[in-house]
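Look for chain A in each of the two complexes below; its partner is chain B in the first and chain C in the second.
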Partner chain A sequence: MAYNPLSEAEKIFILHGVQDDFRNDGRTRNDFRPMELQTNVIASASGSARFCIANSDILVGIKPEIDIPSPNKPNEGKIEFLVDCSANALLDFEGRGGEELASEITNCLKLTYSSPYAFDLKSLCILPKFQCWKLYVDILILQCAGNLYDAISLAVKCALYNLRIPRVTSALLDGGNVDLVLSDDPSDCDRINAESLPILMTVCKIGDYCIVDPSIDEENCSTSSAVVGVSGNKITTIKTISGGSFHADTLNNLIDLTITTAKYLNEKLLKSLKQEERQMESNKIQKCSFLN
Partner chain B sequence: MPFDTKRINGPDNTFSYRQFIDADKDEKNKKEFTGKRNDNRELLDHRKIAVQLNAITKAKGSCYIENGNTKIICGVFELREIAKSSRYNDKGQLYCDFKYAPFSRETRKSVTENEEKSLAMSIKLALESLVCLHEFPNYQIDVFIMVLEDDGAVLSTAVMAAGMAFVDASISCFDIITSSTIAFIDGIMVVDPTSEEEDIANSTNPPENHGTITISSLNSMDQISQVIFNGFIEPQLLKDAKKQLLEINKVHEIYLKKVVSMKIIKEHRET
Partner chain C sequence: MANVKINLLINKPKYSAHIEESNSRIFTTGEVITEQKDFMRGHGTYLEDGFIKSSVVGVAKQINKLISVVPLKSKYVGEIGDVIVGRVTEISKKRWKIDTNSRLDSVLLISSINLPGGELRRRNAEDEQSMRKLLQEEDLLSAEVQNVYTDGSLSLHTRSLKYGKLSQGILISVSPSLIKRRKNHFHNLPCGISVIIGNNGYIWVAPIVNVEEQGGGFAQCLDPVSKGDRETIVRVKNCIQALSACYVMIYDTSIMYAYEESMKYDVKELLNQDTMYEVGFNAKQRILQLE
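And then the complex of A and B:
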């Protein structure tokens, strides 16, 4: 993914670390790096979150807008993901460099959110055939230290948890024109059930073992890697993201590893989201600047 | 894509007439899917595949493949040196271009450019573990794939087409790549789905445990070069599907090997 030259000796060092279940930053094979999350960071967005896994830093803002449902899905809303890889994050993204990666991530998110069991678009419908909400999920990569898929999917989940859609008090059809009345009270709003929202997990194969949450160095050492989307204990996507191949049995290991890790991660995430919300309400968090 | 203003592109906002009959048809489809398929196949049966090598005379290697009604043509062109301005690569690079013909599906141009790009990327990744790229340092190989008709399992058919085009171009490969697709409808495995079955598996009201999975594999070394799954499913079902797909891929391999040996025999006779 990112160009970061490693010598053969360094690669072997990482490989041996993975074999001994003691990676070069002290983690075991199924450990994540420390994460940080913060919701409601952007006042002008209806839902926002900032999420860091170590130095991978993602900022997500969601804006709901009103649209007309597509004719073949009259009672569904819409969701659109837009990933921006700025050159600040990695010099490789300069010019059009980040475009390919951005469209890959966008597609992967779109696929994971496509099943109605993972994300119910029907709740975004206002008036079937005439009006629906369209969620624009804008994702900004501020810094990149590997494992972008995971960081982005977690950030999106946090932002969707934080999202507040204005409540429509009445929607009337008046001779083909739609009359929408939104609630006057700004605190009167609808929220999305974030519990079943899928998260993506990158699994890298280094040597004979699979690891989660690879750093840039580990991404460079891996022979093949795959992204798995998990919602609850079901799988929503599997996609290989690098050019290598792996043994048929590895696929089973890979699925087992992600299911157990994602379940644990999801629990922790929801818990800290709730905790963070309570703290925000009681104004316990003192901020000295936007990013700190 | 740049617009050709001199040409009549048709009105901007037309829509397919099919949406007016769909409501009725959709219901019918769902009722019909009780384990029996429209083309009288068993659930685990694959459609018949036909492969023709050297279908494009101007290309270095090419392949036309039919999988039931799915028709794909693929060409591999001469190696090109990568321009000096970009970074030196000690491995060869693949460039993959994937396009649907505008008339290939029920509704005209129903696939967005973004989806085409994403499929192109998936095919490229699958091929990267097939072609001996270390033999072509700093060279680029172009692969062009065109879907003439889409009746389901496009990705897996395209991967096989591209793989065979490489064989036809006599570019060294590690193995023969084979690929197949399974759709899940309510937890039931449907091998090599038609586009109708794919639509049911990924419709707006799918039954639980739905989705489609495509696996491309290099069988002689038991390697999987690409997996794509999209849907919502229990892990155990996926593992079962993997087993089934690898079995099917082995059957494909027998046929593809036969095609290759026919090519070699033919060339041998000509010289």
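And then the complex of A and C:
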């Protein structure tokens, strides 16, 4: 987590603000900061997205590759995450400074996506035991203003929504050798059902209350915080970050809060993604890079 | 219910900072500023082949024969008498190290503070041992630049009742080049809160406190801030961020203009980029009308 020093008095000011349901930027405890998204930002990736929550700016690119399924899961594909904490985002990430955070986020993503409720890995299988798709999900943190887990999970979700996997027209097994024929038409491709893909939600406990979408300052003065992976109505992961512990009752309330909030967030996200897709189709906007 | 707002980047309007005065031109590094020989070279410039060239990206400024380039974005370069807001990073023998948004940490010597109780006496070993009681690591304080060392690091002092440790409030960090130099950097705004506009780009927004109370400026008040005050503080914070996003110079008048422009919105609406730019540009227009 990004370290941003705060004096005792500043922490108390934030704490009282959370109690009053009026946070340091005017939000209530359940409010998110404005978000922005854009898909298909990297021309050379099969699926990509840029997602910002206020100044937390995440870029995700996905490339599929053909791989052999693991022997114990012969009819499942693979998905691999890689998080790169750029030193441009925060000076603390310089050198090997971001590695710990990167592996923490990677593990969390791996865990949520390994749940069968969250992501159907079977859909990535081409020929059981012999061929499957492996998705390489590369995540780059361009700017960090708190709440990285949420921003990253939403960015990954957008990129997976945008992902187009070439369609396999025929797969034949010829004496141990696999003969794959991919469609020649680049617009002929498979897509992933993004509806049930999990969303990670960070909930910080400050004083007696839980807040969503914490800023860096709020992250630093919380006693404990948890990341909950939600897919539809189901919890796929739950994990505490930055030490601290929860009372059982608090945890139950927190889970209820995340499920309702994540469901709402999911609806909004899918709506925006569909709206963007419609606009792109009608305008035929050509993008060459995310910096444009 | 949660409040979620997702915008599409493809629909985002493009904002750009307009430079109104036609004569202010931005020089890039290595660009010749003048070909005439009888000028003196100031900050942000260097001499090569007899020409004065810019060493930073910025706007050229001429005072008589002296040409300097003011960088668009830079770390804070201190001058004697500047008001700064800083954060203690380290305590060492006889001094505090203070982060002031400059290249090097500044120092605050124990001999350049007013000891609690307002007594003037020699500082002894006991004072040195109890330095942490006055200012801890990560505490915020306001101070004045007393001296600039040759390496550019600053020596600070708090020898006035208006300087000292800061209590509850919000710190905002903006580019130091956006701070307008004024006679007074401590303001009690008409909306009922106080701001300290540090020359170093750190701005402190806090409820009004009575400075005459005892403690030599090191006392802290940890009582809850009233909801009304808090709302005003947060609104002012969001307004300052709007001004900074629109590259408007920040001083008491511009803050008040932005505050007045923002009144038609809810505080949290000011987080949205379009509202932010609207407030910032409206405040800018009003400042231009004034001039």
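Observations on the structure shown:
In this text, the second predicted complex is superposed on the first by the 285 of 292 C-alpha atoms of A that agree within 3 Å, B and C clash if a C-alpha of one lies under 4 Å from a C-alpha of the other, contacts with A are read in each partner's own complex, and residues count from 1 in each chain.
The rule we apply is simple: a residue touches a chain if its C-beta (ideal position, glycine included) is under 8 Å from a C-beta of that chain, and two chains touch if they have at least 3 such contacts.
Here the structure is a predicted model, which means the values were calculated and not measured.
The superposition on chain A brings chain B alongside chain C with room for both.
By the touch criterion defined above, A:73 reaches chain B but does not reach chain C.
Judged by the touch definition given at the top, the superposed model places A:104 against chain B, while chain C stays out of reach. In the superposition on chain A, A:54 contacts chain C only, with no contact to chain B. In the superposition on chain A, A:128 makes contact with neither chain B nor chain C. When the two structures are aligned on the shared chain, A:241 is found in touch with chain B, with no touch to chain C. In the superposition on chain A, A:118 contacts chain B only, with no contact to chain C. When the two structures are aligned on their common chain, the gap between the nearest CA atoms of chain B and chain C comes to 9 Å. Applying the stated touch rule to the two superposed structures, the chain B and chain C interfaces on chain A have no residue in common. For chain A in complex with chain B, the touching residues are 3, 71-73, 76, 100, 103-104, 106-107, 111, 114-118, 224, 226, 231, 233-248, 250-252, 255-256, 259. Remark: chain B residues 15, 19, 22, 87, 114-115, 117-118, 121-122, 124-126, 128-129, 202, 204-206, 208, 210-211, 213, 217-218, 222-235, 238-239, 242, 246 touch chain A in the complex.
Across the complex, chain A meets chain C through its residues 5-10, 12-13, 16-17, 19-20, 22-28, 30-38, 50, 54, 212, 260-261, 264-265, 268-269, 272, 275-276, 279-280, 285. Residues 1-12, 87, 89, 136-140, 166-171, 220, 222, 224-225, 227, 230-231, 234-235, 237-238, 266-268, 270-273 of chain C touch chain A in their complex.
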